[in-house]
Amino acid sequence: MSVQAPAPPVEPVHESPSHHEPQTSGFFHFLRTYVFSVDHKMIGRQYLFTGLAMALVGGLLAYIIRHQLAYPGQAVLGHHPISADNYNAMITMHGTIMVFWVAMPILIGAFGNFLIPLMIGADDMAFPRLNMLSYWTFFLSTVVLVASFFVPGGAAASGWTAYPSLSVNGIPANQLGQALWVLAVALEFASMLIGGINYLTTPLNMRVAGMSLFRMPIFVWMQMAATLIFMLSVGPLIGGAVLLLFDVLFQTGVYLPDKGGDPLLWQHLFWFFGHPEVYVIFLPAIGIVGEIIPVFARKPLFGYKPIVYSTIVAGFLSFLVWAHHQFISGLDPRLAMPFSITTILISVPFAIVLFSMIATFWRGSIEFTTAMLFAIGMIAEFLVGGTTGIINGSAAADIYVHDTYYIVGHFHYTLFPAVFYGTFAGLYYWWPKMFGRRLDERLGKIHFWGTTLFFNMTFIPMLLMGIGGHQRRIFDPRVFTYTAPMHNLHLIATFGLYGLLLYQLPFVIAFVKGLVGKRTAERNPWNAATLEWHAPSPPGHGNFDQEFEVHRGPYEYSHPGSEKDFLPQWLPTTN
Amino acid sequence: MHLQIETLKPAEHHEHPNYVLVYGALLALLVVSILLGRLPNAYAMNALVFTVAGIKAILVLRYFMHVKFEPWLVVFILAGATFFLVVLFIGVAPDVVGGGGWIRK
Amino acid sequence: MTAIAHPVPVLRRQPPIIPSGRLGMWWFLSSEIVTFGGVVVSYILLRLVHPDWLHHSAHTLLSAGAINTVVLLTSSLTVVLAHRAAEHHDCCTARRFLSISFGLGVMFLCVKAFEYHHELSHGLTPRTAAFWGFYYTMTGLHGLHVIAGLIAMLYLILGARNPKVLGRVAPVGLYWHFVDIVWIFLFPLLYVTAH
Amino acid sequence: MFRWLPENISTFGHDIDGIMYLIYYVVGVWFLLAEGILIYFALRYRRRAGVAAAYAPAKTLRPMLWVLIPASLVLMCDLAIDAKGSPAWEKIKRDIPAHDCLVRVEARQFAWNFRHAGPDGVLDTADDVVTSGQLHVPVNKVVKFELVSKDVIHSFWAPNLRLKQDVVPGRAITGWFEPTRTGTFGIGCAELCGTGHGVMGATLIVQSQSDFDNWLKK
């Protein structure tokens, strides 16, 4: 290294954020602010609204599916009696939409976008334009997916896993819908990859002075872990999807045995991503819960660093377990035990995370706001999902429960708490920051108890049906001698779903009320210590309106010797 | 202010390697790999050709992409991605190559 | 939801690990590694099962592949030279090197187009066999990446006078070298060992 | 929960049920503990006037033991479950015993065809008996089956046999079972296989050896 080092490179350390562009006026101002905005908060809201809209579609599909199972062949309210093909298309799209168009856009796209820069004291994402590109790619993928309902032959009907050769040539009338499905999914992945660059770069490079990595809120860690898992696991499926598209369009035969291909290859590529995807969804949700519990228990998060480390371990393990989705798929029997062991081992890091969350309640001063209720509910319900999963993880037991309603019940008990309890908890908690108003707590409590009651009423029967040997994805339970007697369980589950959907109305009302009227929310309605509560509600362009630095960790609640029961990260130490 | 283009810390500076030399090496390796492709023994041929490809890739990474001068995080990212690819290969090979031990029809 | 207009304070930052442009590009490339890697892994696995693919793969044009390798390697050299020039604030040299790389990229696409034409005219379409499915997927994905790289380079060439734009030569260079590395592996996979 | 389990009529069914019971009870205890503690804490430490929360960030190892010790116990249970599960898997999937009876299951959209090896005990000979939708097997005999698919992936699913195995085109997947009582039982397809997936059923008819032999002769 010479002393006369060459002139420093003119390489921008940070992209210049949106609010430094000249504010145009009139129609273009509207476009820039609400439509093609580069402001991470607006993009977060766009993701939120798109995701919730798709949740309505997914919920409607669930309603039709459940109605068909309870009253096979009878006209669904607002829908003619559905055919077997309709039914297959609906379960396919229900799964696809709920995982890729609801869970990821809301938990990562919406909350990640809105909160990461605020929580680390940045004025925006590292690449605001990429951020906008990410949303509009996602929007395009949504359009393609919804369009696939209306093409000749209808939407894809080969299951959300799209196993070849069914997806390639098993439903001849369905080629176009299947091709659009692959295209939409590939676009969605592309959008999440583009977004992921931001979610990983921003927390590493844009943190305000004093915000060391281990002073970041747990939510940011969880977002980074989820994004990293996603970016390192989705690639093979993107490549595999292109190959599948070639198979669907040209009968290339990469997955067709008679052409020298192998259908199991797709299953491996799919689940190599598909299992980590579960954690991509779960981690942001547990991150949200980890933000809410300390605030309403007025206690520091119990074991912040162990939680971070366990998350990293779990993220690593999540790449070594994918074949447990294939125990009976013709997998090499020698592979089953290794994958079974890694699968069951992954319960250890998650046990640490969940136990730490529970330990945070110990000797707390717990206030049961709606957000807190949903946070507790998320942990309580997810425990059901996690524990029921062990039976699927044990290869021998999985022989029996695989592809039965047991697995349907199990993954709904993991994904529903993560996606919906997590989202609701986050919305009731951060709504003041997002929209400057509070969500109605009274409606919120009705929403929570109704949701919890009917969620369990919907899915406990499914676990029982699975134990009874009821395989999934059949559109008329009366056909099989061993499924027919379980019709009453189907009825209970269906009524459960009716109630579940019905009890989303309080939320819808609170949601609308929360969007209109005067902004009354103060900066820090919950007396929380993390940085997003230091910004105005809602924050303007550039987020913060006063200078500050970070002086401590994110969860300094009830600190002995501090007059207030919480020490915000931005408060200078006075001693 | 932080939004203006900041220039890099002096620590970021590094001597530029002799790029033309690296380029020459890459071309030479290209010729080598084409020649190796003519080997009669398929196993040796594949092994050697892909070894050469690996060397070429490492040359580009180290000298053209300056991984040599990047922090450990970058190496970690790349190594991680490659590691999971190896995991994928090991996990899938018994099924797709070995046919899962079943008779192929 | 309208943004409340308020002055944006000047916040001090933690020092960045490396400039965001480069860090973001590294994250992107890590996902690109697994994307191309996934297809390559699938291809290798199926080819181990099907020695008979040699009948198909023998039809790829080794010479064209070799020429394209030279082209891409050269373009990588010129890009890294442009990067060095940019670090020395020598925007004219940088732009000259970038233009050469751009030309080489276009040349690569022309050779690729010639190959495609040659194969398609001999009836070697994706319908022919799984091998050609892989061939067109891999080279097609790679070709798309080349096009994207060319667009980025054009943006650099046109904006070379603006130091901020020229500063982006680092991430764009990383991307271009990665596209080069992908080809370094596709060449033996689809040409050398396939004959 | 497990009173919903259908009657088990296969020799290895007990192993599978046994593991399910083991996991059910082991995990059940953990589940009740966790839920109980969670709810107890939530109620016991609800906000009260004048009662402040404790400051417990658990920055050191000692308090973390409250989490790490249970977690390590979870690890123990995991290993126990694996130890119990592994031999069952080996028994069912890998060491296939000598068979008394051979049958090829041919799945296609959307029906099950069964090719029973005749008295000569080998398949694809003149005396094979081919049926559609009816699988005949003798009781208390090891039946070896071979699963082949004409089109897409199906899954051979006989709940009473505790037997499920995907039928993959391009592979002939083999397995075995030994029915322990006579009777007729349901068979279904457990992998989405297209329009008729929901009606792709068959009947398993377990007969005494003599009835089975007579049926083969006819």
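Labels A, B, C and D are assigned to the chains in the order they are written; within every chain, residues are numbered from 1.
Heads up, the rule we're going with is that a contact is a pair of C-beta atoms (placed from the backbone, for glycine too) under 8 Å apart; a residue touches a chain by one contact, two chains touch by 3 or more.
What you are looking at is a predicted structure, and each value in this text was computed from that prediction instead of being measured.
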If a chain touches chain A and chain B alike, it appears here: C, D
Computed distance of Cα centres, chain D from chain A, in Å: 30
Separation of chain B from chain C, taking each centre as the mean of its C-alpha atoms, in whole Å: 14
Centre-of-Cα separation between chain D and chain C, whole angstrom: 48
Where chain B touches two or more other chains at once, by residue number: 2, 5, 8, 12, 80-81, 84, 88, 92, 96, 99-100, 102, 105
Shared-contact residues (touching 2 or more other chains) in chain D: 169-171, 173
Interface hub residues of chain A, defined as touching at least two other chains: 6, 9-14, 123, 232-233, 236, 257, 262, 264-265, 272, 330, 333-334
Every chain pair in contact, whichever chains are involved: A-B, A-C, A-D, B-C, B-D
Chain D-facing residues of chain B, complex: 99-100, 102-105
Parts of chain D lying in touch with chain A, wherever the complex brings them together: 1-2, 4-6, 15-16, 19-20, 23-24, 27-28, 30-31, 34-35, 37-39, 41-42, 45-48, 51-59, 63-64, 66-68, 70-72, 74-75, 78, 81-82, 85-86, 88-89, 92-94, 109, 151-153, 155, 157, 159-160, 162-166, 168-171, 173, 185-186, 188-199, 201
Contact set on chain D toward chain B in their complex: 148, 169-174
Complex contacts: residues of chain A adjacent to chain D: 84-85, 87-88, 157-159, 163, 165-166, 170-171, 257-258, 262-264, 297-306, 328-330, 333-334, 336-337, 340-341, 344-345, 347-348, 351-352, 354-356, 358-359, 361-368, 376, 379-380, 383-384, 387-388, 390-391, 394-397, 399-404, 463-465, 467-469, 471-476, 479-483, 553, 555, 557-560, 565
Touching residues on chain C, where the partner in the complex is chain B: 10-13, 15, 17-19, 26-27, 29-31, 33-34, 37-38, 41-42, 44-46, 48-49, 62, 66, 69-70, 73-74, 76-77, 79-81, 84, 163-164, 167, 173-174, 177-178, 180-181, 184-185, 187-188, 192-193, 195
